[in-house]
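After this come two complexes, each holding subunit A, first together with subunit B and then together with subunit C.
Take a look at the complex of A and B:
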């Protein structure tokens, strides 16, 4: 009896967490797999098999959505890694006003995404926005940042980077500061310059930080919705639609079953991209 | 085997706890609701005690003003009933809120919402109180009744006035350039060419609020119906399509033509509806395809410019079939699960009375005739509405398609944006829209889809 008790009693500590996890993650997930197979109006449902999935894949804007989601995730991810690393290096070096600059760059992370989106959509107004007004002063006619179908998505991605790079920078600062001083001393004895310090010490040894930034910003980019919605609502037309905004539009239209099917697809899509990426990055990590 | 045993223990204890949580959740409201139910009963016994009912309206300045006007007049007449107004956003987000609140049983006693296809999507039989046999329905115009009828039962009284979809124009610009109101599409294009030559934006595009891009297509329905009176029924039954019916396709083609000729302002993709009204009032833009529901907003923001603003119906291809596409007023609906049925009915029947329309008119300028028999428009009605009356008087009006058919695809604003911005041709837009409506037809379970 005591043996069983000893073996099982530790599981009791799991129960509160298990309940929360079950109630707010597992249960809704399973439910959504079920409701994606129904025509559903939140209270009553009718089983219709895979029709929702067929309909979702027939969606004319879906191809744009997948393409945009991938471009968006890729662009924001790369820029956050590159800019975040450079800022991290800069702000761990011996420059003045380090603390001030760190907080200035970190500040946008604290703002509400919707507020950032609305502010930038005003700044990016083609004829009355401040960005184009500033460009005018130096004699450049700025484009319609959010209205031009060729650059609208990149404009939004740029704002996303502006807002998120502070977070990447903080991770990099932590990563760079945890590199032992010995490596720098060894480099000094061997007579390497600051480029070699960056390329041969900081880049490889802040790999764990890079991996965190890549994973976080890539998954964040794939699921991204709020910033695009605040800035363009997926427009003009469907040109900046992401999968998440297509799903939201279907939910708005009252097609709950269809929107749920879309969420299931997004879930599988993110998992299919993020899991292999995660295990690949983990394998390449080096120990300090 | 032993491993399984621990699993079972964990599972059992989890489920017991879960059941406890669930039981706790369900029992709490019951205990609370019992005393309030008693309170409600004692309310009805003492008729002099005050009853509060709730009302949900959208949050545009004008809707809020109108609701306030109605509530004030109603409370004066019924001192025992207090109406508390809540607001919600407009557009797709608002539709969402209404649908969700209905589905979760959290709706206000009375709510204002669109009639026509949007109402059909609310599952009226389940959510809305049937008012077909209420006495006030006798005074409601048939055209409105049709727009709130589902399976032979009517679900609302009208709130607000009729609107029309057509073209606002700046009379001063027209006069300066010696132009006259166009009766055919070619004349409209010729006018636009002259306006462009004069350095003024011929047609105002406000694509930042993408619902505004639908107007050229929607306002063309009079012409569709004139050419093919059966279109709405065929369309509902999946027998007619926008892409294959030549007159229906014209709506998309007209938008394409405007895009190709570059008649809209260059920054249209960043221009909002409010900015568009400003351009119109100040004469920076000459013509604006829009719903006449813009009248109160214009009146409020540009009271001194109202004399300069006129209105005409979207012209068809031939001058002799010129007529106006009309939007039926919104409905005042009663939530089926309301605890205050009598008070809610009283409120809606007040809204749908001549007295009610007077209260509405004094709070918000009408955008067209009311849907109540013998309700008169006030004398100080805007010039735009005066421009509309000849069409009504000579019976040259047709309801918009969304009041004749329950189908309206939810992606139409994006599709018309693409056509209006020159991303898609009219034909491609029509095909995309035909595909888009299929979702709703299936959701509604219509026959033939």
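Take a look at the complex of A and C:
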């Protein structure tokens, strides 16, 4: 029997996938630990120990990437969870415009990040942009959204939420629709209002959806590059630089060893934050 | 009665909000794509005094020796090739990984799952591609897209394989099918719903990808549509009408896809993300 089984489900089926995945993904990842310790021009390398990492932690322009990456991932993640949940609740209720609203909110998910980034950098133009023009009408002088060092990173994060919240909403809709009707009936017998329905049934029972949204948007936030690159290129100064954009800048400058060290740091950063978060969320889910 | 009025009011507010938050940015892109250079420089929402649809379109398409057309060609080839390869290898891998359980299983699962979390090591990947003679080539970029799309694809296939009863395999084996024949004749056709999901979601992802072509497919001759848009940004800095026309043109493919596959896309997006 095992012989038939081995012949039917032969590992030969894995060979094409294994070649591509090991060669193009796993092998470079493993090698990155070695190359991060070198000065490197793609053909020759010189072993320099931990110098690349020392440089990363000493230079303010490199170090700022950690802070920004964390803030960016945190802000986008929280907003997507909160707004996504509210939209999910609203669009599973008995409103008639549901189909229209779902489609419109979801559509930006499919757009090109570069196109969205460029469009919003026009809308956020300090003197001519639509956003400040609208604020002017109600008597507020809008800030320089992308030029002010204090808010530039948040402006980019808001555009990320604009583009990505539809995805969170869809996950929540799937999660909320899978809650059995019995719970609502029980609540009705007990005489609970819509707030209790939201707080005591929907929030706890859509937990798997919440976990998915948190994990996906947090990891996505930690790794993001294209939106910030399209909108600010890390500026003004280095105030919107994320680890991923620093890696690109070092790569462009020909500092391959340093860029790879940045990659290793991003790897460790993502793993150190995502793994505990993942196991914490999963433990909570079991308790339920 | 008052409840109904309140609900109607709520819906009106919701629709008005979507107009402000979502429709205005689109409208803004469209009207500015139709204006001449001077009018678009104002970045206003007003309707163009004279429309320049064909003129602007021609200018964008002919810019830099028809680079946009070449970019559309490149992006299409990239998307189609990547998806064909991705579907083939993910379906085969998902089939074996779900059906066969032995001591290697946890290790294989771990390897695949780690691909969802780990950020790709970019410069070492360039080094590998360079060593293979595939850096700056379409084949190289396709391999990168496939390698990075593999974990998600295989998870979807594995999940779906679990719903196909083993009795079907057994019946086929009794009838004399085994190995590759069983897979191609029986299993692959049954996997069609998941295949459709992967085709739709990955084609959006790969067509819109910016980071990988930026690193692995540099050079003016190569350029995918996302790169073109990004490069045109500096060239069109005083001609925003052309920049907006470019944005409009590259937004069309996802828009068409969306109109035809709205439900499918949403189903596919959720299938991969919520367990249980």
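Following the convention adopted for this analysis, the second predicted complex is superposed on the first by the 268 of 288 C-alpha atoms of A that agree within 3 Å, B and C clash if a C-alpha of one lies under 4 Å from a C-alpha of the other, contacts with A are read in each partner's own complex, and residues count from 1 in each chain.
Assume a residue touches a chain if its C-beta (ideal position, glycine included) is under 8 Å from a C-beta of that chain, and two chains touch if they have at least 3 such contacts.
Keep in mind that what you see is a predicted model, and the values were worked out from it rather than measured.
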Next item on the list: In the superposition on subunit A, see if there is space for subunit B and subunit C together, and answer fit or clash.
Entry: fit
Check: Just subunit B (first), just subunit C (second), both, or neither: which does A:65 touch?
Finding: neither
Notebook entry, point to check: Should A:221 be classified as contacting the first partner (subunit B), the second (subunit C), both, or neither?
Noted result: neither
Checklist line | Residues of subunit A touched, compared between subunit B and subunit C (which is higher) | finding: C
Check: Does subunit B (first) or subunit C (second) touch A:126, or do both, or does neither?
Finding: first
Note to self: With both complexes overlaid on chain A, does A:230 touch subunit B (first), subunit C (second), both or neither?
What the structure shows: second
Next item on the list: Go through the superposed model and pick first if A:24 touches only subunit B, second if only subunit C, both, or neither.
Entry: second
Note to self: I'd like to know which partner A:42 touches here: subunit B for first, subunit C for second, both or neither.
What the structure shows: both
Margin query: For A:90 in the superposed arrangement: first (subunit B), second (subunit C), both or neither?
Written below: second
Next item on the list: Considering only touches as defined above, state whether A:208 meets subunit B (first), subunit C (second), both or neither.
Entry: second
Next item on the list: Give the angle at the C-alpha centre of subunit A formed by the C-alpha centres of subunit B and subunit C in the superposed arrangement, rounded to the nearest 10 degrees.
Entry: 80
Check: Which partner does A:238 contact after superposing on A: first (subunit B), second (subunit C), both, neither?
Finding: first
Note to self: Using only CA atoms and the superposition described at the top, report the least gap between subunit B and subunit C in Å.
What the structure shows: 5
Notebook entry, point to check: Both subunit B and subunit C contact which residues of subunit A?
Noted result: 4, 7-8, 11-12, 14, 18, 23, 42, 125, 129, 251
Checklist line | Contact footprint of subunit A on subunit B as seen in their complex | finding: 5-6, 9-10, 13-14, 17-18, 21, 92-93, 95-96, 99-100, 103-104, 121, 123, 126, 207, 210, 266-270, 409-411, 414-415, 417-418, 421, 423-424, 432, 435-436, 438-440, 442-443, 445
Item checked: subunit C-touching residues of subunit A, taken from the complex the two chains share -> 4-14, 16-18, 20-21, 23-29, 31-32, 35, 40, 42, 90, 95-97, 100-115, 118-120, 122-123, 125, 128-130, 133, 162, 167, 170-171, 173-175, 178, 208-209, 212, 216, 219, 222-223, 225-226, 229-230, 244, 247-248, 251, 256, 259-260, 263-264, 266-267, 270-271, 274-275
Check: Which residues of subunit C touch subunit A in the complex?
Finding: 7, 10-11, 14-15, 18, 21-25, 28-29, 42-45, 85, 88-90, 92-93, 95-97, 99-100, 108, 111-112, 115-130, 143-144, 146-148, 150, 154, 169, 173, 178-179, 182-183, 204, 208, 210-211, 214-215, 225-226, 229-230, 233, 240, 243-244, 247, 250-251, 254-255, 257-258, 262, 265-266, 269-270, 273-276
Notebook entry, point to check: Can you list the subunit A residues touching subunit B in their complex?
Noted result: 4, 7-8, 11-12, 14-15, 18-19, 22-23, 39, 41-43, 51, 55, 58, 60-61, 121, 124-127, 129, 144, 146-149, 233-239, 249-255, 258
